[in-house]
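Each in structure tokens, the structures are laid out below.
Both complexes shown next keep chain A, but they swap its partner, so chain B is in the first and chain C is in the second.
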Partner chain A sequence: MKHLKATTFLIAAALATPLAAQQDGGRLDIVVQPEPPGLMLGLVQNGPAQLVAGDIYEGLLRYDTDLNPMPGLAESWEVSDDGLTYTFKLHEGVKWHDGEDFTADDVVFSAGTFLPETHARLRASLAYVDSITAPDPLTAVFKLKEPFGPFISVFEAATMPMIPQHIYEGTDFANNEMNATPIGTGPFKFDEWVKGSYIHLVKNEDYYVDGLPHLDEVYYRVIPDAASRAVAFETGEVDVLPGGSVENWDIPRLTEMDGVCSTGKGWEFFAPHAWMWLNNREGPMADVRFRQAIMYAMDREFMRDVVWNGFGKVPTGPVSSVTNFYTDDVTIYDHDPDKARTLLDDMGYDGEPVRILPLPYGETWQRWAEAVRQNLSEVGINVEIDSADVAGWNEKTSQWDYDMAFTYLYQYGDPALGVSRNYTADRIEKGSPWNNVEGYNNPELDKKWFAAATMTSPEERQAAYDEIQKEIVDDVPVAWMLELEYPTIYRCNVQDLVTTGIGVNDGPRNAWIEE
Partner chain B sequence: MSFWKRFRTNIGAIVGVVLLIGVIAIALLAPVIFEHGPWQMVQRPFLAPFAVDGLPLGTDTLGRDVASQLAHGARVSLLVGLVSTLVALLIGVPLGALAGFYGGYVDEGAMRFTEFFQTIPNFALAIVLVAIFEPSLASITLAIAIVSWPPVARLVRAEVMSVRKREFVDAATLAGLSKHRILIRQVLPNTVSPIIVMASLMVATAILLESSLSFLGLGDPNAMSWGYMIGAARTVIRSSWWLSFFPGVAIIITVLALNLIGEGLNDALNPHLSRKGRA
Partner chain C sequence: MSVLAIIAARLFKAALTLLAIAVLNFCLLHAAPGDPAVVLAGEAGAADEQMIEQLRERFGLDQPFGVQLWKYVSGVAQLDLGYSFRQGAPVIDLIAERLPATLLLTLTAFVISLVFGIALGVAAAARVGKPQDSLLTALALLFYATPLYWAALMAVLVFSVWLGWLPGFGYETVGAGYTGFDRALDIARHLVLPALTLGLFFMAVYMRMTRASMLEVSTADFVKTARAKGLSGAVIRRRHILRNAILPVVTLAGLQAGQLIGGAVLTETVFAWPGIGRLMFESLAARDYNTILGVFLVSAAMVILFNIVTDIVYRLVDPRIGARA
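Showing the complex of A and B:
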């Protein structure tokens, strides 16, 4: 017993030492790429907006790198045994940046009025909600119509950001002039946005967690060219390169510099999963043998090593290995050109050319498409690379005018939130590049996806998703390419930057600079 | 014969011809010399020149043979250069000839139309055209032709205007030849030499334009070209210099060769202009 106590003491001491050494003050310069279209997180949720506005807005919960919920605006929470009632106890003394009190009424307004209108992804989850009530100013209660397993994962800042009721109630949300000067509860306040140059946030002196934040100010710097971003980091002009802000082949050079650290953590909540849409509706892609042949023809390990400089992991199927309910007990598609040729012979592929549409996000994606074309042409598939800018890419994929198209999407911790949307038939809808764009239609599997979403016990859900993954991987509705890994590169004197499953998005809250 | 005599005394022009023949030979023989296609990944990426036997110019970001890419890129560059110049001549020569020969409203109309194109910056217009039509060899060639023809039209117009005042044209008129017969048979042949000189320089400009477009990512994604190589290598220029250096040298050599030839032709075809004592 004594021994145990001593150990506990040592651990406590080890934890306490760095805490005591935390220093206040300083400024952090972080690259944001591309410039966000806006910072009102209830209206805009693309990556760069989440990065910046993640310091301004907050959700009820935060999530650690294993995707376990942590206190956010809610200091504690309770889920009833039947999985239908979620009760949140809010932090006391939380103020909006304009000085108004944050109360449970704001929660009811955000999740009940504002977000259902503006936030398409959350809307799907809110469909399970029967009522949201505020029995007292510090308690918010969500009642569900039926159990929804992943519901505990929807309270992240960009998924369900808390919106100030006193500013938005009764207004035209999208055109409210306060959208330009966002008001949240977060550790940093919006100060100034010089378009094309930087976004400046300053410390929220009234933040409800004692001692946080440590930093005085954060600058998000807009630098449009990847090579210039790398140079800005080298010269010390910026301190943090969030994942994806420099080309992959620059990463080793930057991380080998003195005093530079990097981490692959901080993306678990998103688990960006890259694949090629295969247009299941027409041409050779309608034949499952052709789709399997594509998987066998590609040397995905090689592409990971060469195109992505060894970053990332070759996926086994639709669910990322860091997302909940993943299994690797599925058919594994190794690089096997002979098998691919056999499959093509079986189906009688006549050499009909297919087009590949790369994602217009820079050199890496272009090279990736070239590598795929080369692999496919080696087994006798005729491939042409199509080209489009971002708008054209959106247009072509959402109007189904493609044969094979690169994309990647976030998984949000749970297959019911970020995976099933790309495979169930009810999500086949023209006009969006984020739903079941490939046109995969498997009613049997649809039933299983829906059932797995509404189970309450994690064990049952795991079993259900195991079955789904096993079946869908044989059908190859899309060609899974890579679990993207985006290392965050930063100066080693920046401490505690990446501590959660959303990484730098809410990183400045705890970060501090060691002198 | 006297043309060839004058031409071959110009050492620069001979060097240009030799270089150009070399480039054309490499372009034609590319598939024979290199067993690997330009897109084929043959070795580890980022191999420096001569690091591995059989890869004298190293490998690129995906481990493709740079030498093979260079040779295959020559085909695209030369093809785009030649075809776009031909198309530009097909537009510019008739328009300029009509304007210069008939004068009056025809001239006014044709020249205002030409000015319309001349007032828009060449490269900007080419970018817009390629972006609208989606990058492919055909759209790039056409875009380059469309931005290159106005100077041709202007030149031909000026030449035709000066030639049609000559006495032999009056003689032809007196002989009863019809107007367009005079234009085609008597006037145009006398404007050929400046057109040839200009065309050789236009091929060089077209190659540069194509490279610039590819550099900006507006090249045909299915055709290996020098501009594409440099554009793709730009991001790794600090760690892998050879990826942008060799295609850059190839562009310089080809454009230089065409310029030398153009100048040689100019001196040889316009003996009155040739400056004495030149090397």
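Showing the complex of A and C:
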């Protein structure tokens, strides 16, 4: 009985604490790196822009860390049984930051007019849309031409940001003066951007969710040097280091400080997946045995532990383990140099040198390329390390001027959104580094990718993707290296910062500071 | 030739040089691999042909090279540095926005290095061979040989992280809302570490240069004469030796002054100082052609301007130069 009482008391305390303790007020300083080129999320889509503008703009839905949809601007939604009609009930009383009402007409304008023109990633999904209508001011209806399995995942803020029709209709979107002072519906309003220093957002007092946001203001701080960013966190200049802000070897030093917390959550929607493109078109990489030999030659666990300081997970194939429809029922490539040598002997590899192009995103990637060179030379593959800056890397990869090139890509929660684009033959196009750059061409598998995208039942889709993953892993079109993990480092008194699948991007909405 | 006539002639030549620099930079930059449209599209993490073509069209990159060059150069001739499509603002605005921070930093460093460099050089020369001289020379060598990047990080570590005396980052306390004198004081505190770091290297150079030059001049006949007529050591040093020994320092100072705009990339990066050096570096990484060209051109103009200023200073310091020219 005594025991029972104690338990009851503890449960009551646990339930009561979060409610009582959420305090309003305060300011959060978050590092943004590099400085975004702009904040108009319908036009600018790079990571830093999503980080900052994710507080200003909103999508119809949000996604939790298991990628389940949650209410955003839409308070409820319904998908018809045939998978063709998506009906969204919008929140009442939502206002744009300039005081105008947000209505279903804005949804129609955003998804029907603005974004098809400006948003390459969404354009691919919008190709399935037949019509977007607004039967009443609080209802938006998307009708599809054919079922598109991942459609429920395209309503995230950066994927389909809601754009104010009253500002942009009939204007030249890219050159609209208002791009400099973005107007959204989000929990924070744009206040000031001192280029090279900081971006200041202030609380949206009229936010439509009662009690939110808790914070008064958010400063996004531009600190260009990675070592300086680490020191800025140490000295208390900034409170939050979003994933990837500091070099990996600085992370243990920072997380060991008193009152510092870190989490690997908040990247599930993106699931950054790193691999090396192997140029399937020419040289030894054209031989599947060579590509398999590369997989066996590499000690990917070791690279993860040494180069990435233990962060991340060695992938089994093209789909990240946190993305929907993942399976690990595939050939597993363990570190097995003997097997690699046998494969190389089989194909009669003559020692033709291959070039590796690291991703020019800092020291970690450079070291990673060196680790790969070491592993490959152990089995007798001659490797040279190529180099390029970001623009040069883009040029070389998009013009297919490489042998092996590091890259990583976001998966956006669904293989049909973020995975298949790198493997189907219709995406072999020079001029972009975000498609089938390796030149993998497997018509049989292409059919399966397309079929899996348009199935409606999750069970069917799972079965289809299981099959695809099993087959493609044997072909090794690219060398899958790592499911990247970018821990978010923050002061422990910052509560509820990472609660969704996009983490800090919409984190300040719920975050509060414990005194 | 009067000074004014010389300046006029030099300015005319300078304008031609600048135009040539604009053309050369434009050609070099376009010859480098990389395409701003692909970079911008690439950052989005997804791109298709349509997007790249739209961007290239917006940036004017779909036009023949000759047309692009002509448009740029004729713009420059009318003092129009073009538009940064990446940042969505005229280049001149971007530069103007960053200019005060950079000038504050580089001018402070310039003054610090010049004043202390010359003073220490004179002091060392006056005590040549003594322990003070050895100490100063050794310090100068240390400052001269220390990589700027490392010195900057150490300065932050010691004075900001360990001692907590001075802020290690930025231009002012973000969000503090200081005005007037408080704001000036706040900026000054932020200025100390970057300006010292940036100034140390040149201070060492000036000191060594001044010391060597002083020693050389001090053996000249007119110095012996001055001493013979009974002038005090201090007067001889100031009016006879220093004035003759300062010319090579002026030359070097002219060179440093030319770098006032673009020469502080590293310092600005480590100290998160919102200046032009960073603008240039970041624009280069993104192949934001117009912005890089704009910064290059303004920097080139500064170099040319300070060359002219240096020549004038020569005349003031040493009237014989005017007579010869």
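Here, the second predicted complex is superposed on the first by the 499 of 515 C-alpha atoms of A that agree within 3 Å, B and C clash if a C-alpha of one lies under 4 Å from a C-alpha of the other, contacts with A are read in each partner's own complex, and residues count from 1 in each chain.
Keep this in mind: a residue touches a chain if its C-beta (ideal position, glycine included) is under 8 Å from a C-beta of that chain, and two chains touch if they have at least 3 such contacts.
If you're wondering where the values come from, they're calculated on a predicted model, not measured in any experiment.
Enquirer: After the overlay on chain A, what do you see for chain B versus chain C, clash or fit?
Expert: With chain A as the common anchor, chain B and chain C both fit in the superposed model.
Enquirer: Please work out whether A:D106 is in contact with chain B alone, chain C alone, both, or neither, and reply first, second, both or neither.
Expert: In the superposition, A:D106 touches no partner, neither chain B nor chain C.
Enquirer: Looking at A:I385, would you say it contacts chain B, chain C, both, or neither? Reply first, second, both or neither.
Expert: Once the two structures are laid over each other on A, A:I385 reaches chain B alone.
Enquirer: Of the partners chain B and chain C, which touch A:R253 in the superposed model: first, second, both, neither?
Expert: A:R253 sits against chain B, while chain C stays out of touch.
Enquirer: Quick one: name whichever of chain B and chain C touches more residues of chain A.
Expert: The partner making contact with more of chain A's residues is C.
Enquirer: In the overlay, answer first, second, both or neither for which of chain B and chain C A:N179 touches.
Expert: Touch partner of A:N179: chain C, not chain B.
Enquirer: So, A:V307: does it touch chain B (first), chain C (second), both, or neither?
Expert: The first partner, chain B, only.
Enquirer: Report for A:D29: first if it touches chain B alone, second if chain C alone, otherwise both or neither.
Expert: second
Enquirer: Between chain B (first) and chain C (second), which does A:R373 come into contact with in this model arrangement: first, second, both, or neither?
Expert: first
Enquirer: Which of the two partners, first being chain B and second being chain C, lies in contact with A:A227: first, second, both, or neither?
Expert: In the superposition, A:A227 contacts both chain B and chain C.
Enquirer: Could you tell me how near the closest CA atoms of chain B and chain C get once both structures are overlaid on the shared chain, in Å?
Expert: Superposed model gives a least chain B-chain C C-alpha distance of 7 Å.
Enquirer: Considering each complex separately, which residues of chain A are in contact with chain B in the first and with chain C in the second?
Expert: On chain A, the overlap between the chain B and chain C contacts is residues 227, 388-389.
Enquirer: For chain A, which residues are in contact with chain C within the complex?
Expert: 27, 29, 34-35, 37-38, 44-47, 120-121, 123-124, 174-175, 179-180, 194-198, 200, 217, 219, 221-225, 227-228, 231-232, 234-235, 237, 388-392, 394-396, 398, 409-410, 421, 429, 431-434
Enquirer: Which residues of chain C touch chain A in the complex?
Expert: It is residues 32-36, 38-52, 58, 86-89, 94, 97-98, 101, 153, 156-157, 160-161, 164, 167-171, 174-175, 268-275, 278-279, 282, 285-287 of chain C that touch chain A.
Enquirer: Using the touch definition from the top, list the residues of chain A that touch chain B in their complex.
Expert: Residues of chain A touching chain B: 226-227, 247, 249-250, 253, 302, 306-307, 358, 363, 366-367, 369-371, 373-374, 384-389.
Enquirer: State the interface residues of chain B toward chain A in the complex, per the touch definition above.
Expert: Residues 39-41, 45-46, 61-63, 131, 134-135, 217, 221-222, 232, 234-239 of chain B touch chain A in their complex.
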